[in-house]
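Letters A, B, C, D, E and F name the chains as they come in the text, with residue numbers starting at 1 for each one.
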Amino acid sequence: MKKYKPIDSLESPRFCGIRTFMRLPHVPTAEEADFAVIGVPFDTGVTFRVGARFGPEAIRSISVLSKPHNIALDVNIFDYCSGYDYGDLPIVPGFIEDSYEKIEKGLSPILDKGIIPVLLGGDHSITLAELRAVANTHGPVALIQFDSHTDTMDSYFGRRYNHGTPFKRAVEEGLIDPEHSIQVGIRGSVYSKDDLIVPKELGLEIVTAVEIQQIGIPALIQRIQDRVKNANAFVSFDIDFVDAAYAPGTGTPEVGGFTSVETLQAVRGLAGLSLIGFDIVEVLPAHDPTHVTAILASAVAYEFISLIALKKKMQA
Amino acid sequence: MKKYKPIDSLESPRFCGIRTFMRLPHVPTAEEADFAVIGVPFDTGVTFRVGARFGPEAIRSISVLSKPHNIALDVNIFDYCSGYDYGDLPIVPGFIEDSYEKIEKGLSPILDKGIIPVLLGGDHSITLAELRAVANTHGPVALIQFDSHTDTMDSYFGRRYNHGTPFKRAVEEGLIDPEHSIQVGIRGSVYSKDDLIVPKELGLEIVTAVEIQQIGIPALIQRIQDRVKNANAFVSFDIDFVDAAYAPGTGTPEVGGFTSVETLQAVRGLAGLSLIGFDIVEVLPAHDPTHVTAILASAVAYEFISLIALKKKMQA
Amino acid sequence: MKKYKPIDSLESPRFCGIRTFMRLPHVPTAEEADFAVIGVPFDTGVTFRVGARFGPEAIRSISVLSKPHNIALDVNIFDYCSGYDYGDLPIVPGFIEDSYEKIEKGLSPILDKGIIPVLLGGDHSITLAELRAVANTHGPVALIQFDSHTDTMDSYFGRRYNHGTPFKRAVEEGLIDPEHSIQVGIRGSVYSKDDLIVPKELGLEIVTAVEIQQIGIPALIQRIQDRVKNANAFVSFDIDFVDAAYAPGTGTPEVGGFTSVETLQAVRGLAGLSLIGFDIVEVLPAHDPTHVTAILASAVAYEFISLIALKKKMQA
Amino acid sequence: MKKYKPIDSLESPRFCGIRTFMRLPHVPTAEEADFAVIGVPFDTGVTFRVGARFGPEAIRSISVLSKPHNIALDVNIFDYCSGYDYGDLPIVPGFIEDSYEKIEKGLSPILDKGIIPVLLGGDHSITLAELRAVANTHGPVALIQFDSHTDTMDSYFGRRYNHGTPFKRAVEEGLIDPEHSIQVGIRGSVYSKDDLIVPKELGLEIVTAVEIQQIGIPALIQRIQDRVKNANAFVSFDIDFVDAAYAPGTGTPEVGGFTSVETLQAVRGLAGLSLIGFDIVEVLPAHDPTHVTAILASAVAYEFISLIALKKKMQA
Amino acid sequence: MKKYKPIDSLESPRFCGIRTFMRLPHVPTAEEADFAVIGVPFDTGVTFRVGARFGPEAIRSISVLSKPHNIALDVNIFDYCSGYDYGDLPIVPGFIEDSYEKIEKGLSPILDKGIIPVLLGGDHSITLAELRAVANTHGPVALIQFDSHTDTMDSYFGRRYNHGTPFKRAVEEGLIDPEHSIQVGIRGSVYSKDDLIVPKELGLEIVTAVEIQQIGIPALIQRIQDRVKNANAFVSFDIDFVDAAYAPGTGTPEVGGFTSVETLQAVRGLAGLSLIGFDIVEVLPAHDPTHVTAILASAVAYEFISLIALKKKMQA
Amino acid sequence: MKKYKPIDSLESPRFCGIRTFMRLPHVPTAEEADFAVIGVPFDTGVTFRVGARFGPEAIRSISVLSKPHNIALDVNIFDYCSGYDYGDLPIVPGFIEDSYEKIEKGLSPILDKGIIPVLLGGDHSITLAELRAVANTHGPVALIQFDSHTDTMDSYFGRRYNHGTPFKRAVEEGLIDPEHSIQVGIRGSVYSKDDLIVPKELGLEIVTAVEIQQIGIPALIQRIQDRVKNANAFVSFDIDFVDAAYAPGTGTPEVGGFTSVETLQAVRGLAGLSLIGFDIVEVLPAHDPTHVTAILASAVAYEFISLIALKKKMQA
């Protein structure tokens, strides 16, 4: 198997060259590898600020700062892994159901080869399509959702598909296994108290932000580990999990959220789980003048890849 | 008839109060008046940068700078006119055909009462819905389109409705009378030479930017007047008619365009025509850090209203 | 009594319509209600960066994201309350004493009807005028001030009225009851040690930021509750209480301050007190490119309203 | 006489050192020289956007790019002139009449020594105070005003002193000689047609923007020269003379204005006149993210200084 | 020969995929083609604002808007040409002479194959290295330089290589043929009158901005054509040729320059000449919040490519 | 000895006057004082984003907000100290070794007089030159480095001097005493695990960010105090020690870092040590739209000066 890894930034400065994630090779066909970074520039599903279609570009742009060895997890990614940037999946802007089909179809060759996808959104509506593809390969999976909103509305403006509804649909379609699924970081305001009851009725576990702030991140990690157990799990990370000060570039920012320290700590806490896919969504560059949202999203994606490598290191 | 006019800014500072266009009263029902300013915050039709749903808010915000007397046209608007801000028409983000229905239906009460609408977009796809409503009342109208693109593609990504196709559809649906219609300011690059032939085949007249730069604005005005003659005309102004330096906050900016002086001169040149509706579209606030695009869009809408008043002054 | 509540955002997208606070109806006359949101776009009192006159517009713009049910306080506001957006009070830019008269007079009809005002500044100098109006109705009140500065200078540049002096004046004029009043979050640098002694000599309690960082927010809440007790209290929240990273859009930003989590926790800690008015001041949109300051200010105002509703829920 | 001139930027890079205008020495006492650059960071007089108090800082920051030899006027400034940066005049933010006294008094030592002041505002209200100082020394002077507004309102919000009224006051106080005075670039909208009649009644000549766009800059120059003749003249340049696309960072931007080429051409056209003072006002850095407004303001001030040098060259 | 052309944007939205110039294939080896777009992210040569190393990324990002058919020149590029994005040349940030070697060496394989390079800078110091490579292949060439500065200083801070000196060096090294070379757009301020004499002494022709504004663009084009004649010519376009309002994102912006209309008109005027290479330099994204500078730079590079195609069309 | 202290901001507003640090007098010769603030606008040493040459200007601009009395340390600086702004040291942009010589030479007169320098960078490469000057006067010193990177690479792109290598060079040149030196805050990703071993092999102590987040700031302070003991110490503070949300304006931002509260707490924890010099580096204004990075850097420099004053207070 060919080994895919980044350009050496001690030889070639990091600001040089075509922007791929982490300066990995751009491989547009589903060649064998441990992971593939994949853009999904779709944002027709949003209900407020729009523009996450430029999220993959912004994350790739800043990801060139990342180096191979992760200090916190003590793992050198490319000692254990091979990975590339697959480019973006095809979508049709303005047409959500067509795009769902294209995303599902586009992701299949990657999943079929056992490559772990690290998807860069796009708005949160895309996760439904991703989960359809994942369920085709893996059957229903555990969902680990970092988010300030549950995204389990039944509809918005009389419409069933948008970034407020994917997880209601996913349960209805049998794509996720609610018993091992968990939503963490929920906060702010909702239309009514029922909005918090719905996910519970769907069988999902919820941990609100206020709760996390009381129990702390280590206890949150334990809650996640206890819930997910040995199930194959998909991690869906909405950047608005993070406090608006740390991630202003998003569609429906929420204050009272998490710092980047807490965020990275929580993500690293997924070590050991059986993680079969990841996405990070709702990065909106036009509202991110300091790029700090993209920097954090890139760091989260980097931790995702590090988790893949760490798993292989532990298994080695 | 009740007279609607702005708050007096010599008594109350312009930065005070709820933002309506030009500090006009907000009248959400179709009361009698000469004109109504109406937002259409829809942007699902775009093929590149998105966010024109916030265009009406941005234009209203800066429009408070406008005062009643137009120096260039020498008319005090509210000596001759009554007008209000009708608020925004209902739309469904992410669903273009549903939104078309709502826009058409929402606009009808205004047109039925003989009130001239001044519409604030939104992306250029909305004009098709507006023209449907207009044609219901007036029959086919002349179209005067200021734009850098013809927006007469047949489809994009296999889809027939978006901001690249409205005027092909409008001709096909018989909403506009091509013989009295004209598109001015066309420039940049196109997919193929055929893209410029299509509008001609549809019966529209085209004046490219390079042509205008050779003949000058007064000659352009003559071309428009000669084309439209006595027909009822709808003016559709895409802010990317203007050079990207004067209007950077738009979805598909084009350089090599017009200055604000040329723009205002051209718009004022419509004086005397029988203008039964106006829109100004594709203002994208997230890419407009200096607000200069919104300032110009507000000024264009102000000229539209001045033209309505001037007509009444000339008829008085 | 007519019930005033926001437009339903499940029917009409949140980015549609004229911007009022939380999409509440705009009611410019003092109709009966539980609370009224009121702008005070005055900023002539500042000693450094200026522009808080655009604070109310910015807060209203982003407040459309807020929904009726508060997760943290577990209260659905409009199950217990009716409220509207009163628009802005009249002021005279550049003339502080004239403006004080207009603010005081403008606020009286609201207070007379027993409506709780939630005021959106403007710079901190406005609080003196608000307190004059409040004292007319309620007599001297307890002051709960969140701020990084005590604002108890005697004068600046030889002048007695500006945003550095309102609370010295308020005590001198007998508008507040020092014994039940408290200033929290004080930090940074001062002209001399005496600046910290003055508030104590005025009878106010001070809790510095360093102190709060040692004792924690729950202990701070206890300090406030113990100080205010049953007194009628006015809450004045200067956004520079918050750390400059969480609220950069303000006139004299201070680092070493509080996060949004701590801020919301502290504000929620006022539950149970007899709160008869609120303001949030010093939001400066021109220095807030990510809107994060406005987002947080909107969230604080939302908590203020939630506290009003919670009180009614507890009394019900 | 000591010769004051800039640091040599071929030896020391232009981004080094404490920022003074054009890297001139900072001389806070009125030493003998041909010209002095002086800041007037006062902005309490504005009726819309505020923040021109940071104008002098922004202009100084970018002025370090200017080099001694002016290509267009063919003059090496420091072959003929000595000049320094005097720093800022004292003012009292929030108190216009006090500030007027301080500005008038602060400017006198410079005028007394025959040094030509090049003043950096601040809002346009400051010009009244400057003209009082100038009239003390020179008697009534000709006014050459570049502006999109006449600033000859009688009052705003019932108040006589602000940035909308200085030139009405100046004529009333006998500070300017209307017969040799001229206002150029007037455009946009006004409260009523009377607003254009007032300056004429005061004896001033007006040339509107539309007129200038018809006759061209050379004819405008002739109009100015014909009007001013041999009178001592003060040049007051409001940056909103320039089109909003070229100068977005200002308090009440107007589109339909002049380009930087036209602006520089017009200013250079003042060569030969007897110019005894200059100001450039209404630069608002918080709305100038590209710094292009400050760049242009700095270039205009540079032309002012070049005109002083050219006069001396021609007299040499 | 394989035909390289852009992805079809009617099938795949323009915001999708890894960013290469105009969505051309990324071909990092010197395969046969008519042209290659090449980044040179080097900016150590600047004397004021720095950051043009991110110029190639910004230009590529926005270039996805360009479509194959050029309306103004009436040529469909890929009917006549094949071209790709070669990526970036190697450089060593902070070390100008090392970088010169790498640029020269990196460019040779392209020139050796007769491929016309379209280089995206980087600061203007890179042109010296490019000209060294060009002269190796073509011998001394005509230089057509669009710029506001002559860049013919002998040294800066005692150093001979930086963005102020390349063309003095180029003449000294015999890389360009002064008799057929021309610098156009020179303006602003210089250290002394000698700075304008140097290029003439080097044998170059200069046309200042003021001169161009008097004679007009068509006459400028004639001047260039008359000067260059049949010589092989290299076009070096410094974005500060353009007025700062149209291109604020650059290191040493100058007002009093050219509009985008004039710029495109001038570049198109090079049609018919024997153009063997192009660069566009000094785009500085960190000072380009609206992206308008990158948009214009992309348009200029697009015209360069169109000129290559037009030449082939005319020869066909 | 003459006493140098800031202008009184109760008399003269803080936004007035030429910008020096904290409104101190600008004294360009090494007059006697306790401390001197000195700019080092050099940034040729960076490997990614560039522009820290404008760091000193930005820090000075916002530092005018600082007042004499430090609340947290309870010391009025100018009761115990005299200090001034020395301006910037000479450097040669683009030439690192020349600049090193100039920095070393430029700093000597200050050190020779026993004045404590507070240096404002510039990129981190400058610290090597500063340490050379310091070692000339004091011999090898303890280094207290706040940073997210160790900056102990051997070379980058084959070059030994840049912002990634200064501390490897400093140990090799015997400028610092590793046994009393400590690097704190290290985090993110590195090229390989060896990168963390190198500093240990050089004899330096490292405390990673994750470690600090576990043990807390008070324990970190103890670690520093225990390491440095009585040695003369130089404090080098890279602003990327701070989390990217609190300091986005820097060249290689890292998330997962420290808040401003933690940062100030850590810096204040140096009280009692024998501190003989300070720098704060890597502030990059072009990426700092809210100025929050400059605000924090200014606050850190203010704490440095407060530590100098506190030492004198304790000794008094």
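What we mean here is this: a residue touches a chain if its C-beta (ideal position, glycine included) is under 8 Å from a C-beta of that chain, and two chains touch if they have at least 3 such contacts.
From a predicted model like this one, the values you see are computed outputs, not experimental measurements.
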{"item": "Neighbouring chains shared between subunit D and subunit E, ordered by label", "value": "B, F"}
{"item": "Of E-F and B-D, pair with higher C-beta contact tally", "value": "B-D"}
{"item": "Chain whose mean Cα position lies farthest from subunit C", "value": "E"}
{"item": "Shared interface numbering between subunit F and subunit C [over half = same, under half = different]", "value": "different"}
{"item": "Separation of subunit B from subunit E, taking each centre as the mean of its C-alpha atoms, in whole Å", "value": "38"}
{"item": "Computed distance of Cα centres, subunit D from subunit A, in Å", "value": "55"}
{"item": "For subunit A paired with subunit E, centre-to-centre distance based on mean C-alpha positions, whole Å", "value": "40"}
{"item": "Sites on subunit B at which at least two other chains make contact", "value": "12-13, 15, 47, 49, 53-54, 92-93, 157, 245, 259, 287, 289-290"}
{"item": "Overall pattern in which the protein chains touch one another (line/ring/star/complete/other)", "value": "other"}
{"item": "Touching residues (chain side subunit B, partner subunit C) in the complex", "value": "12-13, 15-20, 26, 39, 41, 53-54, 57, 60-61, 85, 87-88, 90-93, 289"}
{"item": "Subunit C residues within the subunit A interface of the complex", "value": "9-15, 65-72, 74, 76, 245-246, 259-261, 263-265, 289-292, 295-296, 299, 302"}
{"item": "Subunit C to subunit D touching residues, read off their complex", "value": "43-47, 49-51, 53-54, 92-96, 98, 157-159, 161-162, 286-287"}
{"item": "In the complex, subunit E residues that touch subunit D", "value": "47-49, 153, 155-157, 186-193, 195-196, 208-210, 213, 243-245, 248-249, 252-253, 255-257, 259, 287-290"}
